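Each chain carries a letter (A, B, C and D) given by its place in the written order, and its residues are counted from 1.
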Amino acid sequence: MDSALIPEGAKRCSFPKFAIGIVIVGAVLLWGVFAMGLIWWKGLNQTNMNDYYGFALWIWADLAVIAVGGGAFFTGLLRYIFNIDELKNIINFAVIIGFICYSSALLILAIDIGQPLRGWFIFWHANVHSMLTEVAFCLSAYFAVLTIEFIPNILENRQANKVPFFRHLAHNMHGIMAVFAATGAFLSFFHQGSLGGVAGVLFGRPFAYREGLLIWPWTFFLFTWSAAAFGPCFTLLITKITETITGKKLVKDNVVNLLAKISGWMITIYIIAKIIDTIYWATVTAPSLGFNISHFYTNNGFYGYWILITEILVCGLVPGIILIMKSTRENPTLRLIAFILGVIGICLNRWVMVLQVMAVPVMSFDTWALYFPSWQEIATTILPVAYGIILISVTYRYLPVFPQEAELNAVEPAAETE
Amino acid sequence: MKQENNKEHKFGMVIDLDKCTGCGSCMVSCMSENNVPFKEDESNKKDSITWMRVYKLTNGKSFPDTETAYLPRPCMHCAGKGGHGHSPCVSVCPATATEYGHDTGIVSQIYTRCFGCRYCMGACPYHARYFNWWDPKWPEGMENYLSPNVSPRMRGVVEKCSFCYHRYQAARDKAYHEGRNDIEENEFQTACTTACPAGAIVFGDLNNPAHKVHQIVKPDPHPDKWNRHVVGKSRNPKVFRLLERLGTNPKIYYLSEREWIRRKGDNYLDGEWDKIKNHHGSSSHG
Amino acid sequence: MKVDRRSFLGLGLGAVAGIAVSPVGLKLTDDSSIWTQNWPWTPVPADGEVIYESSVCSLCPGSCGISVRKIENRPVKIEGRENYPVNNGGACLHGIAGLQYLYDPARVKTPLKKNGDKFEEISWDDAIALVAGKLADLRKSGSPEKFAAILDKEQGSVSGLFKRLFKTFGSPNFYTMPSFESYLEATAAAIHGEGKTIGFDLENADFVLSFGAGIIEGWGSPVNCFQANASRKERRAKLYQIEPNLSNTAANADKWVPIKPGTQADLALGICAVILKNNLFDSNATMNFKGGFNKFAAMLQKDYTPSKTAEITGVKAADIEKIAGLFAKAKKPVAVFGKGRGDGAQSLKELAAVHTLNCLVGNINKKGGVFVKSKNKYLEFPDESMDSIADAGFAKPKAGRYMNQLVEKINSSSKSVVEALFVYNANPCYSLHDTKSVKQALGKIPFIVSFSSFLDETAKEADIILPSHTFIERIEDVPSGAGLAKTVVGLTKPVASPVFNTKNPGDTVILIAKALKGSIAQSFEWESYNECLEGVTARIWDSLSEDGYAVISKGAPIEPAAVNLSFLSGNPPTVQAQGDFGLTLIPIDNMRLINAGAYVSPFAIKTVSDKVLKGKNIVVEINPLTAKGLKNGGFAIITTPIGTARVVVNFNEGLMPGVIGMVEGLGHTFENKYVSNKGVNVNDLIGPVIESGSGLDAAFGIKAKISKA
Amino acid sequence: MSEIENKAENGSMESAGECTAGDTKDDKGLGLGVIFFIVAFVVCFLSGTLLFPKLLYSKKEQPFNFDHALHVSEAGDCETCHSLRDDGTFAGIPKLETCLDCHSEDVLGDSKDEAVFVEKYVSKEKEVPWYIYSRQPDSVFFSHAAHIDGAGMDCVTCHGPIGKSTSLKPYEENRITGYSRDIWGKNIFGIKKHSWDRMKMDDCAECHKKETGFKGYCFQCHK
């Protein structure tokens, strides 16, 4: 039915099967869209946020998708600037995932603000001291870069590619992709960092506050580094999931292992820095403000030391080590576990840096504030997931996303291919 | 054409917690003065807009040694680290919807500029900032009591105590009209100050030694020697600020004879309080 | 030339580029954001000239001077009036929120007549004619005494008009709700003789011994008390607070003396005993005591030794002796009574026992002590004209001495006791103990007329509602009282024109009287209430109309006050709580709530802590030691001999073990989503206990049990 | 993918030119495309510039005409009618009471506008519901006292030579925002020639910057 659009030499499931899948996920998407409409129409009273939780699930989702979307800029950096050529086999997919993550982040932001029609004030009336301003500028600019990086891949669609103009455009864009990759890496450095800065500059919130370098708190660098470190984990995890669902090998193990190895080293270095940061914060910064570390992890029904241990050791150190060591890295199961742990770890870190910050009482007579999102918040947070699944399905089906696909799946003569 | 009416003020407040009765007059006076809306259920204090909120403190001891006190909490109008105007909230607002007025020391909030990102709320450790989760609605006819001096807020923006800035505007209008260069102490008083039946709130210019608030607080012009971020610390040993150690430099001071209350003002590690309680007032000369 | 894809592309691109270069995008982006800044459904208050008008608040007996800020003719803010002799610029939250009453859409907007279960609107003329017709019939039937009235107070010209109506009609059945002023008068009557009242000179006292008086809980004239209390710090005056719970007053006091509920009278007598035993009393003062001083002293030495008192009250004997010493040796000591706000149930034994302390240390009519004053008589009504029916009816005995006895009489009698009832400024169906029996009694009255501005619990029981102006809309004289040392009469002024079709209650009474014709109408020959007010306050009218108030007395009265201890010397029994459950439920007064007269405003209820009201649930306080099996913040069921209620429990170390504290002023049941149907009315759970000798309802609480819900 | 990369080897710079040049059949199409482009551009640009304002603003006539020039010549200045109150607040458009200082039920002049005024408002004691060209939104606090008394400014600087006008122009209200058109300015691009052509916040800030060296704090002019 849609065979004319499917990349040459690639085997795809039948269109009805594809359509059914899309409809199911589309229903979830519509549920999210409905919740989104409700929120825009009735306002943020549809959420369970309150004056203690001005930042909640959505900001976490934002930070998390941007962190895991960090695979795009980092892979791009490695591919185009450091010229690690093997990575061309996964760069397309990394860009798509990045595109999904960043467009989702922008969408969530548009839902999250109380006055969406005034959202542009952040650009027009920008306060240069605010980390959020930095985030907004870099995020938007980088999203534009991602779009540009995504375009050539779209133009490689079999039908689009028949148009000479598109063919040449795609070609030329490939030629200058290094420039965009460099721009993307530069922008990402700042917005990933400034997202870390969002929490780190809060000197009224000793749980979040960090000292730092010039105007940038240490969380600035930790966030950038962690996005670069864990982003590839997410890219590889999604690749693995795609492979499982399609039942095909799409990227060669040497590529996966290479990226995993880089990721492993990045994670390990990050986690060492994170441990140093945590120790310094717990023993110097927080006590200087009158807080024992126990203040942040006791006397409440949820946030205990377990979260610190889970984030740093179980979901940080462990995947780092697995991915560094050749034997464990090359074991597909352990490698997958490391990816999963890594993604959980980075999401947990973002959770802690948003929600736990809000939960901890600062005034001595204040109390812990716990929060559970409303269904509208959950639906709008799942919305990007559904959107991501649909976009990946469509791009995978119609675009030559994985250059090694044909090679890895030597096609038996089939009716579909001429 | 240029007018020299901009002598730098630093408006602030000292609240005597020994006099405060927790009666709530300040809260209602504030709500009534500033067109603060109300809704059917206001018992969830985490979404109840109270620019002035009165906290109940307890010394944590058991019967019959337990003691309680009340602590009114308006916006602290923080001057930020070193008193340079980078309040926790002001420095994070992405759209310059809140600003530190160096002429008054008042932290403004411009509702029409705010687009509701709520970053400032996360930045404020005092929970002095409130979000309009709902459209403000008054029962039919009740909008008749709204004051034209304070603009009612729309859904989706943050609001907070403004130190009744409109009263300053009105006082200045009058001064201009009468050809005066500046306003008198009693011409600009906040709604909570004038309402307090116990006279527990004293408001005025911390920069003006003739003002009562200055005389009670005796702010130290030098940075604190233990923490260079802290400026304007009180030289009165019975006076403290909330979370002074964070370097937010609030302009709300509290006064109490009771040590346990003063200790509640900040966080201390074990043993710290006993070391500093007697040197609580700034050690600087003066 | 053929129109192809590229032509359309050109068309599209051209259109996009054209629009992009035109101002449309920029302007619409800007305008759409400006639209959000000026949403048509967000009100824009009209601007105009600012005018201040002074008046007096009459929401509570405090009688504070207020200054109302108006924009043109529209009141926008109520503040305390500077230099007003009662409150000097201060104001309480209820007064400040006064405009919420004025504009409340839940007000009674026009006269109403009950038809079945529903109210119908009727005209003022019809309503007055209907009321007058019913009353005329009752009078014709020969039992004018079956016409009763319940008001909030006796003082003031509006009450005067009601009283005058009842007298000329021929009914002695004029009742007022229990109020602090009524207790002051009862106390003065018991010790000093009839016709007197009491004021406490708190702002000059240097040692205040308070037997549960909520000095900063709304007791007396609240703002005046706040100021007197705050000035303690500069004056170095001391406050000792004796009560079972750590109220705000206790927390603010120099010392909190926890005491078993309902034993304040015993402690006061115990302290008297120590003072007498140790010869700490003022012998000049006691010389003229009547009613058996020696008998009284002997009784005390027998029944109220420190150890016996300690056993009864739970206060240590050593503390009793120490307090007695501090009190007696202070330069200007004063002992104050009236638990909570002083307007709830009180025992005369307790009031008299505490006041005896004042008499013993000789602070009567001295600066910083207690002022025993003549009842405020600034009003001069012309003589009534009484016909024979009036004379005969008015001479008949009252159905009961106090409200609670009237209720009991109606409920217990098989014959009709009251045929017609007027209710003004009172809400007995909410604020009397055992509201169920009050409603039952009202249910037996065939014709009830309410003068309420709001459809409160009692107004809902009425057959006719003749709605009154709120205090913002009407003129009225407002005498101070409620234990204030000085006596001030203030003038409430119509600051705003009436929002709804309501009347000044004074005018309504005059209209009814005129419609009743004959000698009654002859007694009401004023054109309007305004004219009446000016006439009856002629002596002080100039001052009232010019300054807005008249100071009748200030400073200590010169005339000496006789002291008679006969009420106490026989040691009347102390009132016990009803029932035999293990715990005692006591009402707690909270400044942010209102328990009598008006109901709380939306602003005021917004200030109420979530440790008092959570959602629709009332939160009760209990010491964790007593709260076995309960969860802090969890639900529980309270059972008393007269009712049960589902509550949320809050562990509070500030409550004596064995005691449950429940706030007064919640649990209204009328239509107003902002303030009603929240929590439980504590009066649904506590029944009246009549004190022998005084006839007062003296239930300080009730025995109760509490279990997990 | 590989196909493209192969081509890249052959030099990519020419390929685009080659493509269009070789495709002669499309030349005319392109020409037509250009014409379509230009036409669409012009139509859209013009309607965005000329038609759009007509749709955006609604026109409202004042209750009756008012001759400022005449009144200024009678009263002498602006302040007689547009005065500051004793508390320094600005009274704005005068109330009927102020008009009645001079006017009465007897018509003074011979204009039919005054007849309307007397008949519809004076005799009925009704305020005239003027539309106010310079009305700022509720969020604005503008201190006339600071500008007139404090800085000694004249009315013309912000309000223009309205005192010389003999008739009132129609009031144009922005259908979206409810603002008067005079706030954004008559020019739809927001271009102004005189200081009184526009009354947006930026115009306030511009003058403040020029006169005081600082654009001002938010709270100076917001409430």
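The definition used in the following text is that contacts are C-beta pairs under 8 Å (C-beta built on N, C-alpha and C of every residue); 3 or more make two chains touch, one makes a residue touch a chain.
The structure presented is a predicted model; accordingly, all values stated were derived computationally and were not measured.
Which chain wins if you rank chains by how close their C-alpha centre is to the centre of all protein C-alpha atoms?
If we average C-alpha coordinates per chain, B lands closest to the whole-structure average.
Could you tell me which chain lies farthest from chain A when each chain's centre is the average position of its Cα atoms?
Here the answer is chain C, farthest from chain A.
Round to the nearest whole Å and give the separation of the Cα centres of chain B and chain D.
The computed centroid separation for chain B versus chain D comes out at 38 Å.
Could you grab the centroid distance between chain A and chain D? Build each centroid from C-alpha atoms only and quote it in angstrom.
Comparing mean C-alpha positions, chain D is 46 Å from chain A.
Cα centroid separation between chain B and chain C, in whole Å?
From the centre of chain B to the centre of chain C is 33 Å.
Which residues belonging to chain D are in contact with no fewer than two other chains?
87, 89, 137-139
Which chain B residues sit where two or more other chains touch them?
Each of 44, 96, 111-113, 135, 151-152, 154-156 in chain B touches at least two other chains.
Which residues does chain A have that touch at least 2 chains other than itself?
Within chain A, the residues that touch at least two other chains are 115, 118, 121.
Any idea which chain C residues touch chain D in the complex?
Residue list for chain C touching chain D: 1-19, 21-24, 26-28, 31-32, 34-35, 37-38, 40, 44-45, 47, 49-50.
Across the complex, what residues on chain D touch chain B?
So the residues of chain D touching chain B come out as 84, 86-89, 137-139, 141, 143, 145-146, 149-153, 211-212, 217-220, 222-223.
Can you list the chain C residues touching chain B in their complex?
My answer: residues 36-37, 39, 41-48, 69, 71, 74-80, 87, 89-94, 96-97, 99-100, 102-106, 216, 222-223, 226-227, 229-230, 233, 246, 248, 251-252, 256, 258, 499, 591-592, 602-611, 613-616, 623-625, 653-657, 673-674.
Please name which positions on chain B make contact with chain A in the complex.
Touching chain A from chain B are residues 44, 46-47, 55, 57, 71, 81, 86, 88, 91-97, 113-127, 129-135, 154-158, 242-243, 245-248, 263-270, 272.
Residues of chain C touching chain A in their complex?
29, 32-33, 35-37
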